[in-house]
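Sharing a structure with you now.
Should a chain be cited, it is by its letter among A, B, C and D, assigned in written order, with residues numbered from 1 in that chain.
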Amino acid sequence: MIKRLSPYSTVILLVLVMLLFSSLSDGFLNGRNFMNILIQVSGLAIVAAGMTLVLITAGIDLSVGSIMFLAGVVSGKIVVGGAPLWLALPIALLVGVAVGWVNGIAVVRFKIVPFIVTLATLYMGRGFGLYISETRAVNLPESFLAIGTFKLLGIPLPIVIMVLVLVVLHLVLTKTTFGRQLYAIGNDKRKSVKAGIPVNKLLIKVYLISGLCAAIGGFVAIAQLGAISPSFGNQSEFMAIAAAVLGGTSLFGGKGGIFPGTFIGALLIQTIQNGLVIINADPYLYPLITASLIFVIVLIDSREKFGSHV
Amino acid sequence: MTIVDNIRTYLVKNPIVGVCLLYYLLMALMVPGFFSANNSWNLVYNFIPLLILAVGQTFVILTAGIDLSITSIIAVSSVVGGYLMSSDVGLVDGSKWSMLLGIGGMLSVGVIIGLINGISVAKLKMPAFMVTLTSLMFFSGFAIWITQSQNIYNLPALLVDAPYHSFLGLPLPVYLAVLVFTSCYLLLNKTLLGEWVYAVGTNIKTSWISGINIPLTLVSVYVISGVCASLASLIYTARLETGSPVMGQNVLLDVIGAVIIGGTSLFGGRGKLQWTAAGALLMTMLDNSLNLVGMSFFLIMMVKGAIILLTALYNQLGSKSLTHA
Amino acid sequence: MSRYLLYPIWILLVVCSCSHQRERPLIGISFETLQTEYWVASVEAVKAECIKNGYDFVVAIANGDANRQFEQINNFISLGVAGIVIAPKDSHTVIPIIKAANRANIPIAVYNRVPASNLGDYVTVVADNLEISKNTVTYMCELAEKSGKKHQALIVLGDLGDINAVNRRAGFNQAVAAFPETIEVVAEVPSEWNQEKALAGVTNALQANPDISFIFTSSDFLFPAIISAMKTADKYYPIGHEKHVIFGGFDGDAMAYRLLQEKYLDADGVQDVFYECEASVQAVIKKLNGEPVESTIIDPGFVIHQDNLEQMAGKMWGASF
Amino acid sequence: MLKLHHIGKSFGPVEVLKDITLEVKTGETLGLVGENGAGKSTMMNILGGIFAPTTGKIEFNGQAFEPVEVSESQQSGIAFIHQELNLFPNLSIKENLFISAFPKKQGFFNTIIDQKSLSSQASALLAEVGLSVSPSTLIGKLTNGQQQLVEIAKALNGRPKLIIFDEPTTALSQQETDRLLQLINSLKEKHISMIFISHNLDEVKSIADHIAVIRDGALIRMQEAEIYSKKEIIRDMVGRDLDQFFPIRSTHPTESVSLEIQDLNADGKNDLSFSIREKEVLGLYGLVGAGRSEMARGLYGMEKLYGGQVRWKGAQMHKLTPQNWIRHGVVYLTEDRREEGILAFKSIRKNVQLAALPRFIQRFGGWLDYRSIKREVSSKVKATRVKYQDLEIQPVSELSGGNQQKVLLSRWLMTNPSLLILDEPTKGIDIGAREEIYQLINQLVEQGSCVLLISSEIEELLGMCDRIMVMNQGALTAEFNRSEFDQSAILKHALKAAHD
């Protein structure tokens, strides 16, 4: 069985999947379709990048899905209510940071188990979003849709935002004190305190960044959809965790990265979805395939961590 | 020790029971229609499946694990039950035998998914929340794929009317709930497995050194949770008279809320089934009363999320001295 | 013990703030979801009709969960509502709800979806989805025939678990079957009434069949996603432009009305919401007063298109929404 | 540089440090020697700011010095090299060296790490400690010795005035130790004073200027290294009268062999073979890191074994797991009471019954006979003389260390063991409780069971055991029958450096 799960094994998997789909249908292997995939993956990749930081510190953030929804609904309602378009993004980011802050304080200051905190904020966020929108789909004005289809120097805006966010986070992780100290915390929290790392301060920042990425990711996805349905963002937290874990990020902390890791993980998930639709496969197959792929990868991650000994 | 002292010590040891009674009184006074006979039956019918689910979940949380896959177990059981029992699509004619076969099929779904969860956590050492989150995604997708998101109808009349039959004045689901609760209570407090569950939850290394069969303990708690989920699915399916692949979507919040409000600790080793029962009753009353007052379903979802956070916070502050390293 | 009093009192405050006194009889309005403008317009219409006839109302939304809707109806019964108007999640889970209402002998009107079994005492008010979609698509096919070329067609399906979605698809197929030489259906995109799935499905379908020129959606609420996909596939042009794709929809919501005016939409099947909602509330009131009411009221609906835009606009609920 | 004036420290009734006064001049190295539990680590914790002394003052670098926090003592120039290194295997050497304060770029990008100066400063530090490895290699890929050098480099980065080495050479190979000693000599020229704590007397004599011997919390003697002979050091370390009373056992070991072990390999290097006979207390002496716990835990199935044949009462034992051993009547009292011993917030009864539960299953389905469980628990708890208020309500975490150990012993007694493996049973326990434990051991042995007693206190072994084996760096280096017991000889074998 593959003992070592390097990020490059995910790249190989991605290439294999692409070959498979292009052999099954000629509509798959062409520039336009790749552009499609890149646009569609932008939202997921941004959220997964924020999730990677949390996972590196051996934490978890289940609330990203409802942050995407809540941030979208709040900014959508404001724009529909007549506020200027440029105000929408800052408001969405504010919502993301607010929920991220609540998660951070509860996990760090009050030492509550991360997945319970973020599960609670998931329902609070989803509930509040549905309450504001009374489960009505918030139809966004044309200008919103323009963002989704707007092209900057020929490259669609969502891809530009995605690349920007991922590059920034990649640099933060690899090149800054904050980033390197995250790996230390993920490896051993007690040792990090002894080494003089401000653990609590950093962890709160990590949950803030995850909330921020969720808001940006949500915004980018909504700009393509043109409307926010009540089930928007459902299971996005699972897809984000899946993308990070597929990219080599370990659930036990201390291991993982944005390039090539999480980005390739997100691409792999989106390619599978895109490919299945192109070959007109039964869309209900999609969750089965992704979930079983995730199970195998988490299994390998756990075997690496604990080795074969009981 | 007078009766009052006994009651007071009981309430101090089990605060959730006190809160439950207090809440019932307050709602009975404040909310019109809450105290009516019809609403009380309403409460009972909503409380029973939640209690059974929460009891199963308590076993898992006592071993410092979590089972997020219960909603997918409910869905798959409901679909499998539908296939076996329904007369138009059912594999067997709609007679009594098909019902027994159907119920057997539903329980075996609970056992199988429970085994998958248990073995992955115990033998393969995978984190409990990730295993059950993945099986949640897989099996809810599976239920929808098998039925192409179509419901299954025409379930046998015997099943459909069962909740409305009453025996010695009490409807049948009540007996099922009592049976499940007492057998789980005895299993947890009077048997070897129960002691092992508490020990593994408190300190897994000590348990291993003291010769406890840890894989057996972990696998059995996930199987118990799976069986409880399929029993609850039986009740939901009978009530809605359809085998639905999206059955029980929103129930996870109530189940985890019930266990946590009850006071069972997420770090494992500490908790009682009575607490969970009181927690489940409080969640049901909360849901019902806020609904009666006309609060929207989504605000209620927010209130429940907030209560989980508040209680987890309170338990954390309250038990500062005994928290784990 | 005292610290534990903290949160029941806190909930109590929230509870008191919402409860309000009532004198007039109460009608319970239970809708499966408000996800689309169609549902929102229906709820508003039912509310207006209740007020007009001197009834108070209480609304409960189930967010697509049949089990929650069942519990909400039970809550209505314990509240002692005089009558119930329900838009059920699907035609089968409504049966136990009807039984519960009958047991409490509260009159119940089922809006928009026909219950699967006819036992039990209730009134159904529903649009003829099959006919409306058939007429709409037939008009679109006639347009395609006039253009003389052969058209590749795409239909965006709803959630196949919903009886209305199934009927609209049947109507589409019947209409298209009458024009075998002009229309060839190349793609059926299941949306499950979900924006993201519609967007991904239509984008990739257009990508796989670049020369689709005939699109019909089972519901107008998917327009934003479909238009976004058409834009990326460079197929979103007004009528008269040589790249114009024959575009049709169902429901007749505000966006459909706007697209008709901007000449992007060719035709739209309209359910007459005002008529249906009045009929359902009237049915409940008649039952309360013991007057006879026929068990099923069919709304024929109508097709609105470029030619009859002016005269039909008044009857179209989306126009005034 | 460092002066300790009449330093004393006691935890409740137990006095750990008694009136210690000593001095380390600038550029000097002090060798600190003493048995386990003699108080060395307590002294170092005081210097490291982990806790304050009960009496006395510390003078460091000329000023008064009362560190309250770890970082405080670090800033004032004291560096610690613990045996358990504080490094992150998933990060590179240079990142570990500067984890709390990376060199930064100037100007706008001041949050970005200045990679160039990071590598150059790291290489400089590595050169100083003589480690010729690229600074970007991951710590996880280095050997123990190399990691230790990185830890030292990290300490040097803070420009320390005093470095304290706590048992640095136990996990090192021979040439790694030599390289470390050369490094320490080179540090001497840089006028850095050092305290070197070790059991290897040859190492201490080779580099220390002065040697201080600590015994039972008191400073016995401090002398120049050249004139302080090894024999004298050992005598000072050990030479106290046997004031500790050990109960006499009436029985003697029989000839029948209970446990026989052939080529047991727990550390991948050495094969151990020994056997334990009925009614025998076999002692196992060795210093920290000698591999005694690893051997016992490997035997009991809690850690990986690289090989070995085990026969219990003549029969071959195939499955080495705690569950199987308990069924055969062999139990293991672990060294770490808190992590692996007690069920912290559970009642005494739930703790005592834990290992023997399967014995109380009634008819079907694992139904437990709680009446006889409670009866047997109270009898066992009386036998071990645990002082408690209530068996059912009082959580074990509220009991004293001694009582907790007796609760654990009662747990193992309930399984009617015929072999007890006791790992440091009396560590951190008051005198009164110790004697009760010794009496309990003797009663058990008289009734026919046997005991493998792992301990770091020589008198305890001398007083209790029929036979003592000495272990050093994973290998059995000597064996003494009761008649040949000689404290200095035992210690010499334990201290013997691997090569001479």
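The rule is simple: a contact is a pair of C-beta atoms (placed from the backbone, for glycine too) under 8 Å apart; a residue touches a chain by one contact, two chains touch by 3 or more.
Please read these numbers as outputs of a predicted model, since none were measured by experiment.
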Query raised in the report: Of the other chains, whose C-alpha centre is the longest way from the centre of subunit A?
Result: D
Query raised in the report: If you average the CA atoms of subunit B and of subunit D, how far apart do the two points sit, in angstrom?
Result: 47
Query raised in the report: Roughly how far is subunit A from subunit C, going centre to centre by Cα mean, in whole Å?
Result: 33
Query - subunit B-subunit C separation of Cα centroids, rounded to whole Å - result: 35
Query raised in the report: So how far apart, in whole Å, are subunit C and subunit D when each is placed at the average of its C-alpha atoms?
Result: 74
**Report entry** Contacts with 2+ other chains: residues of subunit C
**Finding:** 61, 63-64
**Report entry** For subunit A, residues contacting two or more additional chains
**Finding:** 130, 134-135
Report summary line: Which chains touch? The pairs are A-B, A-C, A-D, B-C, B-D
Query raised in the report: Which residues of subunit A touch subunit C in their complex?
Result: 25, 27, 32-33, 36, 39-40, 130, 134-137, 139-140, 145, 148-149, 221, 224-232, 273-274, 277-278, 280, 283
Report task. Spell out the part of subunit C that touches subunit B in their complex, as residue ranges. Result -> 1, 3-8, 11-12, 14-16, 18-19, 58-68, 70-72, 74-75, 77-80, 90, 92-93, 95-96, 104, 116, 159-161, 192
Query - Residue numbers on subunit A that touch subunit B, as the complex places them - result: 60, 106, 110-113, 115-117, 119-124, 126-131, 134-135, 235, 238, 241, 251-252, 282, 284-288, 290-292, 294-295, 298-299, 302-303, 305-306
**Report entry** Contact set on subunit C toward subunit A in their complex
**Finding:** 33-37, 39-40, 61, 63-64, 190, 194-197, 199-201, 203-205, 207-208, 221, 224-225, 227-228, 231-232, 255
Report summary line: Seen from subunit B, its contact residues with subunit D in the complex are 190-193, 195-196, 198-199, 202-203, 205-213, 269-270, 322, 324
